[in-house]
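Pasting the structures here.
Look at the two complexes coming up: chain A is in both, with chain B in one and chain C in the other.
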Partner chain A sequence: MSDVTFPVGIDVHEQFANADQQRHAAQLGMWIWLVTELLLFAGLFMVALVLHIMHPGSVRAAVLHFKFWIGAANTAVLICSSFTMSGAIMLSRMGWQRWMVRCMLATAALGSLFLLLKGYEYYLDYAEHMMPFVGQPYALEGDPASRLFTNLYFVTTALHGAHLTTGVAILLWMAWQAHRPGFLQARQNRIEVYGLYWHFIDLIWIIVFPLLYVVGR
Partner chain B sequence: MSPLDITLRDPETPRSTLGRPPDYLHEAHTLRSWFFTTDHKRIALLYLATITAFFVVGAIAAGLVRLSLIVPNGQIFTSDTYNKLFTVHGVVMVWFFLIPSIPATFGNFLIPLMIGAKDLAFPRLNLLSWYVFIGGGLFTVADLVIGGVDTGWTFYAPLSTTFSNTYVVPALIGVIIVGFSSILTGLNFVVTIHTMRAPGMTWFRMPIFVWTHYAVSLIFLLGTPVITITLILLVMERSFGIGVFDPRLGGDPVLFEHLFWFYSHPAVYIMVLPGMGVISEIVPAFAQKRLFGYRFVAYASLALASITFFVWGHHMFVNGESNLAALVFSLLSFAVAVPSAVKVYNWTATMYKGSIRLQTPMLYAMGYIGLFVLGGLTGLFLATLSINEHTHGTYFVVAHFHYIMVGGTMLAFLGGLHFWWPKFTGKMYPEAWGRVSAIFIFIGFNVTFFPQFLLGYLGMPRRYHDYPPEFQLLNIVSSAGATILAAGYIFPMIYLIWSLWFGRQAPSNPWQAKGLEWTTTSPPPTHNFETPPTVDFAPYDYPLRTPADV
Partner chain C sequence: MSTQLSIAHDPAARHALWQRMRVPAFAFVALMLFLAAIVGLGALAPSRTASFIEIGLVACMILTVLLFSMEVRLETPLMRFFALIGFAWVGILFGMVLLDYLSR
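Then we have the complex of A and B:
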């Protein structure tokens, strides 16, 4: 495997003194954004945790309905996607722009696979009457705490799914930009910064999966 | 310091405008050059115009609320209209005026100048946050004014999710959108302060204004996402029946209060901390003395930003909170008084034996200190469990937080506006008018809100437009005070705009103040400094006056 090596660099914006300062600022900016994203999910995690402690029986009843194996498969899919994303970052540093684009497309494909599996899982939930808000009778009627946990499961996974969808869209857009030579010369830093975001979506799922599918099973 | 440096840093005569590069205001005049600018100074002025407009909307609603309360039996407006009016007032003032007020305007303008940077780290993101802000803000204001919402600014469940028949969801969506503007502003500030400081500008050479904005950005970043998700959950429940707060749908209404106050108590410090930064600049400049205990003030800002995340339970003392939790939250709330008092002592000690000039910014600063002390002390009353039982949900609470938010934030905002007006616009405001309106505001404010302490203590609940006749006298006094206050707000709106055309040309440093922003021209050039500054001096290096200052 080899590739044409392109020069790697960054276009310095006028407010920065040099490229290092700009790189540092961009990465710090993304880290801070991710902290706020973590806090966005933290409220939901906190409620789930409180329910685990206060109503273990109801939570267990709900958790037994969730599709453990689909969740586990999705965890594996996302971990693989983090590997391909890391590959893209490494290749971008080496200037192998074409292989980098292939890695990015693979990452986007894995992300889409996750969304497909998640959609199928929602369909199964619907079929099992585990969607209390769509008008059908709820499978665990008369157990309000489990209903809150189920609602929380939908909000959390939907919010994560929205982040993943955004992530795939940005990946495809950047891959399209990077199909022309010269991308890495001006914007290599974008790949680094974006990589942080992708790994973060993965990390959130790695918190979601045990919290909603595993603990209490 | 050599004499040359002194002339460099305190130019006494205004430099002629001939032969210097055009400043940021005169570089271009097209609408496009304003609405697509990435210059932090122009964006700050866009924010200033926007929040002033929102302030006017909120103030008109407040005036109508006070009008209604002149009579005890609620004859002037129907209950529904009254509820909608105080909701307009609360939502607009809290979410669209107080929270962005000082950070988005002065912070935006001054942080790069104060640390010697050309701009914020992400200028385009900065412009985007303004568009996000005005988009979300106008959406909600249109909804509040045309449709009306009756939940108050707190959107408590289950009223907001189940019982209210007003247009709650659009109001929530606007507030959620505006939250992103706060997050992006906070992100920009933190990155800028970390990475863009001029050579020699170490952390402990930064003005306190920058420190408090660093602290407030942390609250923006850690608190705002929590309110975002909370309000999203409200929208989900109201629109799609995904129950989180309504018990019939499996939810828990107290959960809303926990999530809401986890952000909204720190939001008080979003409003207060930047004001503290403003006061920490004004007081040394008008006492011509070094800020007393600089490091303590800096650390106190960070302390406030952290303690504030652990006191939210003091809003739920009477909502079935366990005794232990209430005790802990009460104690932690007391702890907030320590860093707050550190600041007050340090400002007072800075003034002690200073050569004080009582110009408009200093009048506001002194008013701020007095009112903040009163607001802070009544906060301690409210954090006391037994007194809270008596005053919970009464006008005592209303008076308390207005002393903090109007007596604190609003006075600091106006003080800062006068202090930096020459820097923003290159024009001096008329001093006599400035002093008159500062005095109007101080008197009007106290006449409006002090009676509310008494009303609350006597048992008048907040948010009712119907009250027993024995409360009428104090309510009339309060409403009369509001008219004085209104005059105090209207004067500056007129004379500041007047000064844009007719004001005296401002020198670079009209107050002989220290700090990098005063070393550049008024108004500054587009990239802030003609030559990039290097910092080799301590903050607030005013001349030493007495041996006690050493």
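Then we have the complex of A and C:
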């Protein structure tokens, strides 16, 4: 250990032979779960692609109503949050616990900013009658394929938003845990495993943004 | 803990941190550039050709996140296999469905 790092480690549970085996088991478990999540979102992406191919005119009409610049800004916000999460992981490996907590809080703040912008976007969609499921007249009435794509847009972004909300809540809970002395000596692995989840949320949005806001404009 | 706060002012510590943050910083810059290209194409020159370029750029962004942010390139072969297999299943799903719609 160099003099610029502090001790880190994990408490080894009895079913594991050593810390490395426990670390690998936890990360493999997270990867298996992320694969199931990917398949969940893949079904929605598949429907979007089919609508793009079968009804390009209707999809274009819907896409032109969506808030392109808010979507772009939100993508940038999530990329920034991935960077701060990477910072938290690197700092956790060096044992810099205070700085790691700051990076986690910055990540949670960026995640919350994304949700605020998304909420504002939903408000604008509502104001422009682009929420066909709330009972108000739909802006593109008479175009059932565009209604399908708009509904898909809400299902996909709401599902992603639910993942992000859960992610922010877990991150704040972990930051609260991690502000106590000794966290990184016993539970450094949690930051690594959680980091995979956060980067995955970012990855999903990186697919959602072009598929729903950009392609077919 | 106070040592941890003051260590950030130590040049050797900052150098050590930068050494570790170089790859995430590279990934961050690359992702922002890819995003700028996608946004630029979508805002200034939306077309069918641009859509194919945008899909290619998205594939580059996915690879950047997987390899550098999620560090798949540093993982064990078993972990890399699981990361790959998820996208392989998605590839089969997309391939079989699109084979139908694109060949009509």
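The working rule: the second predicted complex is superposed on the first by the 211 of 217 C-alpha atoms of A that agree within 3 Å, B and C clash if a C-alpha of one lies under 4 Å from a C-alpha of the other, contacts with A are read in each partner's own complex, and residues count from 1 in each chain.
Please note the rule applied: a residue touches a chain if its C-beta (ideal position, glycine included) is under 8 Å from a C-beta of that chain, and two chains touch if they have at least 3 such contacts.
Everything numeric here is computed off the predicted structure, so don't read it as measured data.
Overlaying the two complexes via chain A leaves chain B and chain C side by side, clear of any clash. Of the two partner chains, chain C is the only one touched by A:T75; chain B is not.
When both complexes are overlaid on chain A, the residue A:S86 reaches chain C alone and has no touch with chain B. By the document's definition of touching, of the two partners only chain B reaches A:A145; chain C does not.
Taking chain B and chain C in turn and counting the residues of chain A each one touches, the greater count comes from C. In the superposed model, chain B and chain C sit 100 degrees apart as seen from the Cα centre of chain A, a figure rounded to the nearest 10.
When the two structures are aligned on the shared chain, A:Q97 is found in touch with chain C, with no touch to chain B. With both structures placed on the common chain, the touch criterion links A:A42 to chain B and to chain C. In the superposition on chain A, A:L28 makes contact with both chain B and chain C.
No C-alpha atom of chain B lies closer than 7 Å to one of chain C in the superposed arrangement. Residues 24, 28, 32, 35, 38-39, 42-43 of chain A are contacted both by chain B in one complex and by chain C in the other. By the touch criterion given at the top, residues 2-6, 24, 27-28, 31-32, 34-35, 38-39, 42-43, 45-46, 49-50, 53-54, 68, 72, 75-76, 79-80, 82-83, 86-87, 90-91, 93-99, 181, 195-196, 199-200, 202-203, 206-207, 209-210, 213-217 of chain A touch chain C in their complex.
Of all residues in chain C, only 1, 4-5, 7-8, 10, 12-13, 16-17, 20-21, 24-25, 27-28, 31-32, 35, 38-39, 41-43, 46, 51, 54-55, 57-58, 61-62, 65-66, 69-70, 75-76, 78-79, 82-83, 85-87, 89-90, 93-94, 97-98, 101-102 touch chain A in the complex they form. By the touch criterion stated above, chain B contacts chain A in their complex at residues 117-123, 183, 187-188, 190-192, 194-196, 221-226, 228-230, 232-233, 236, 240-244, 247, 249-252, 255, 259, 262, 527. Within the complex, the chain A residues that touch chain B are 13-16, 21, 24-25, 28-29, 32-33, 35-44, 47, 132-133, 144-148, 150-152, 154-155, 159.
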